[in-house]
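In the part that follows, the structures are each spelled out as structure tokens.
In the two assemblies presented below, chain A is common to both, partnered first by chain B and then by chain C.
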Partner chain A sequence: MASVAFNHVTKKFGDTSVLNGLDLEVADGEFLVLLGPSGCGKTTALRMVAGLESPTTGTVAIGGSVVNDVAPQHRDVAMVFQNYALYPHLSVAKNIEFPLRQRDISADIRAQKVRDVAQMLGLAELLDRKPRQLSGGQRQRVALARAIVREPVCFLMDEPLSNLDATLRARTRSEIVRLQHELATTTIFVTHDQVEAMTMGDRIAVLNAGDLQQVGTPTELFENPANAFVAGFIGNPGMSLLSANASQGQLAIGGTQTPFSASGLNGAVTIGVRIDGVELSSSGIAAICDGVEVLGAEVHVLAHLGDDQIIVRQGASAPRPKIGEQIFIQLTTEPLYFDAVTGLRVSQ
Partner chain B sequence: MTSDLAVREVASPKNSRARRSKFVSYLVLTLGAIVVLFPLYMAIVSSLLTPVQIGQQPPLFYPPSPQWRNYGDAFIGGHLSTYLWNSVLQTVEIVVGSVLTSLLAAFSFATFEFPLKKVLWALMLATLLIPFEVTIVTNYQTISSTHLLGSMWALTVPFMGSAIGIFLLRQAFLAIPGEIREATILDGCGPMRYFWRVAIPLVRPQLAAFTVIAVLGAWNQYLWPLLLTSNDEAHRTLQIGLKTLNSGTFEGYGVVLAGAMIASVPMLILMVVFNRQLVRSLTGGAIK
Partner chain C sequence: MTTVRQRRSETVLALCLIAPALVLLTVFLLYPFFKNFTLFLYHAPPYPGLPSKWAGFSQFFDTISSTSFLEGLTATAIYTVLVVPIGVFLGLVLSVAAHQKLKGMAIYRTIFATTAVSSVAVAAIVFGTFMNPVLGLLPWLGIDTNPTILQNPTWAIFAMAIIGLWQFIGLSFILFSAGLQSLPEEVLEAAKLDGASPAKAFFTVTIPLLSPTIFYVFTVGVIAAMFTFGQMDLLIGPGAASAVHVNTLAYQIYQYVVTQPNPGVAACISIALFILTAIVTLANFRFLERRVNYDV
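What follows is the complex of A and B.
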């Protein structure tokens, strides 16, 4: 087990900057999720820990030692790839055994380790099969087994669940978390799925356009987002972000006064409201209905106010607005405030 | 009964169209097969005829009394056994050499970055455009100056590098997902271990196809062995040996054709055994 640290790491591909001075520490035994949209630099950061990419500037350290010049095979990290990267010509047993064969480990010990890991992941019956004879979930487990059998100091997982169907993904999520707790191995897990991040990580590091936005526990990120990007990205659905105006201690949205005071604020401001902080009403902030999503026990009404989108929850039996119809919204809890220009959280 | 009729009514036009299309396909394929196989059939028939029967008009389409001794004359009297062995040796040397060099060169082009890589690749591809006949004199000079004349190496060394092999195998190596290569790196594999343990097994179909192409090319060589072995009977290959069957030692074409049949048997066996790999490789990539 070992900690991992990024110190002022930048990465450029030609003129394109992918990471802009990343500073991040992953504690020994921690499960850290790198979360962000496509192209935000999260996979690049992961590949730098693996040694598959080199930082343009800055250092990556594993267990306190800078590993910039250490070859990937000497970093003692194991990676689970998005497409599993199993060796198609080898059986499940040979796939799991492969990393052990590259080291001076006797055949008896190798066989024992393969059996143990296969048992742990429910692969004991599949050891003689080839990867093409396995389902997506089974392949995923083989990829995990190949990583675990090496007993590395750090697991690196690059969107390993993205090829699984929704049911299997949910099951595998909890399986990975259970394994990580059992093994207590430092794990960096890359995903663009905030549900995965919220349910799996001890902490989440949110990246956007190469910049680290915020690091914290899932609850911290959900309740106290540092900026509008994190607020809109975290949660299912994310916060609705609306342009508002604060004047003389009053907050107005689209010209409609809200019951919340905005003392200490003045001028244009962005407010963030969670789905449970707004409701449909017979009067209030006017918006146009864009659609209705029926989710079983509840219904989400999607609407827009000018250029801003908002989502409002409704009971399943409540009358549903039609697309294009004008609706009225009331804020029921005090929103979060963000600077209209920088997007940073502002306090009253 | 009603449902049967309904099914028949619905299915009938489609079925009859499909049957017609299938019939036309088979008809065209059958005609094609006849056009291709008829000369071969006539060669087999003629190899079992006497010189008089071969010259007969109209020609005979079957051997009334098969002359099996034509095969004996060709194999023993015409020294085909020696030539056959030389051809086998020559083919094995060329195939082993060209497969090994092609694998290594293709792997390097596909995996490593090195100075002038693009230029070297373009030069290598350009050699595909040069007919062998153009290089025959310089090849002869090279073989002569390296004192290989009069040895089996003279017949094989110039063919131990193959641009088509490098091209085919490079494409195959490039098709291996990058994640597999990266997984082997993290698992502790160096480039050569990756090459032997992972990359080669994954390009086996293309490797088999190239091997078949290389075997056919080596086995059917004519001009180069003719140049080198016209006065060197000890290293003469089967294709050149066949020509000597026609030099007046034997009467008529029966023995020559029997020799040709003997020469084609090893290739027929090879094609039957590796047919699937050959077709798979040549059509690979057509459908994702």
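What follows is the complex of A and C.
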């Protein structure tokens, strides 16, 4: 096991900049999730730890040693790929054994380790099968077994759950977390799914357009987002971001006064509102209904105010607004404030 | 009613679409193929216009037991054995080398692939010049050129094989390059991360994944080699001292059709060559395809 550190890492593909000076430390034994939308640079960062990409500038260190010039096979990291990347011509047993065969490990010990890991992941009955004879979930477990069996210093997981159906994904999610706690191996897990990030990571590093937005525990990111991007990305649903105006101790949205003072702020401001900080009412801030999502016990009303979108929760039995109908909302808790231009959180 | 009419018009359309391919296939493949079976049953007349004489199977058995047929068979076998395994190996090595992400690789790729699109006439001129006893490279390299390599009964077939190899490497290179590019990148990366050295990853992952391409190149190469005669005709010809050693079966067919016409014998050799090629190809499928992995 080892820590992993990115020290001002940049990566360019031709003229396209993918990572812009990433500084990030992953502690020994930690489960860190790299979270962000497609193209934000999270997979590139992961591949740099694996040695499959080289930084344009900056260093990547594993266990305190810079590994920029170390070949992937000598880094002692294991990677679980999005498409599993199993060896199609080898049986499950041989797939799991493959990394052990590359080292000087006797056949007896290899067989024992394969048996143990297969047992741990419920693959004991499938050892003679070829990957094409397995379901997606089984393939995923073989990929995990192949990573675990060699006891690497670090696990790298590149969206390993994205090809699984929703039920299997939820089950595999908790299985990975359980295994990681059991093995206490440093893990970097890449995903664009904030639910995975929130439920799995000890800490989450949010990336956007090659820039690290914020690093923190799931709770820190949820409660204290550093900027509007993190606020909008974290949470299910994310925060609704609205343009507002603060003036003379009064916060107004779309010309309608709110009960909040926004003290210390003046002029245009972006506010962040969680779904439980806003409700439908008979008067207040006017918005136009864009749709209604029925989720069972509750209903989400999607609406817009000018160019801004907002989601409001409604009881399952309440009368539902129609698309295009004017609705009124009011804030029930003080929102978070972000700079209208930079999107950075502003403290009052 | 509408359905019947609709079905009929679909059938007409289907026939129209198939027609061009069917015509080409019939004229250039099916007709010659079946005509061959009628030719081999008759002795060719001594002069054109005279009636052909029924020979039955005797002409075929006489032909395949003749010395010249056995010499042709030997030349064809030696040529195939020299060209195909080395061509497959070198094509694979070059394609792996050119698959590396290095600067200027596009130039090398173009150079390696060029031989596949060069005609045998061009290849014969290039190598004929190299092997020329006065102008060529051999005297310069200190190799005895008396008799010249093309006239030398021992070495002439090797000279022919070098030309065939030069051409086959281009095809082999192109097919292997395409095969390498279609391999799943993640699986090769997984092998690296699992600790496999480049050589070990090549033999334990790349080669098994590439085995369908290897099998295809080998099979196509064998078939092509068994039908070679271009360089033999262009550089050596029937009267040379080394002629009997390079008279491949395909070259004999050519001679019995063009230079000393005897369609009956030509048909017998072509049927024998067809049967031989079929046997070798079936053997390839029977013994080599077992080791091919089609799982990707």
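The criterion applied here is as follows: the second predicted complex is superposed on the first by the 348 of 348 C-alpha atoms of A that agree within 3 Å, B and C clash if a C-alpha of one lies under 4 Å from a C-alpha of the other, contacts with A are read in each partner's own complex, and residues count from 1 in each chain.
In this text, a contact is a pair of C-beta atoms (placed from the backbone, for glycine too) under 8 Å apart; a residue touches a chain by one contact, two chains touch by 3 or more.
Just so it is clear, the structure is predicted and the values come from calculations on it, not from any experiment.
When both complexes are overlaid on chain A, chain B and chain C end up clashing with each other. Of the two partner chains, neither chain B nor chain C is touched by A:R171. Of the two partner chains placed around the shared chain by superposition, neither chain B nor chain C is touched by A:H8.
Of the two partner chains, chain B and chain C are each touched by A:F81.
When the shared chain is aligned, no partner comes close enough to touch A:H304: not chain B, not chain C. Residue contacts after overlaying the shared chain place A:H181 against neither chain B nor chain C.
Within the superposed three-chain arrangement, the count of touched residues of chain A is higher for C, of the candidates chain B and chain C. Legend: residue contacts after superposition of the two complexes on their common chain; A:R103 is shown touching both chain B and chain C. Of the two partner chains placed around the shared chain by superposition, chain C is the only one that A:R132 touches, whereas chain B remains out of contact.
Of the two partner chains placed by superposition, A:K322 touches none, neither chain B nor chain C.
Across the two superposed structures, the residue set of chain A contacted by chain B and also by chain C is 50-52, 72-73, 77-79, 81-83, 85, 87-89, 98-99, 102-103, 146, 150. For chain B in complex with chain A, the residues that touch the partner chain are 177, 179-180, 182-189, 193, 198, 201-202, 204.
Taken in their complex, chain A has these residues touching chain B: 50-52, 72-73, 77-79, 81-83, 85, 87-89, 98-99, 102-103, 146, 150. Partner chain C is touched in their complex by these residues of chain A: 50-52, 71-75, 77-79, 81-83, 85-89, 98-99, 102-103, 130-132, 146, 150.
Only residues 184, 186-187, 189-197, 200, 204-205, 208-209, 293, 295-296 of chain C touch chain A when the two sit together in their complex.
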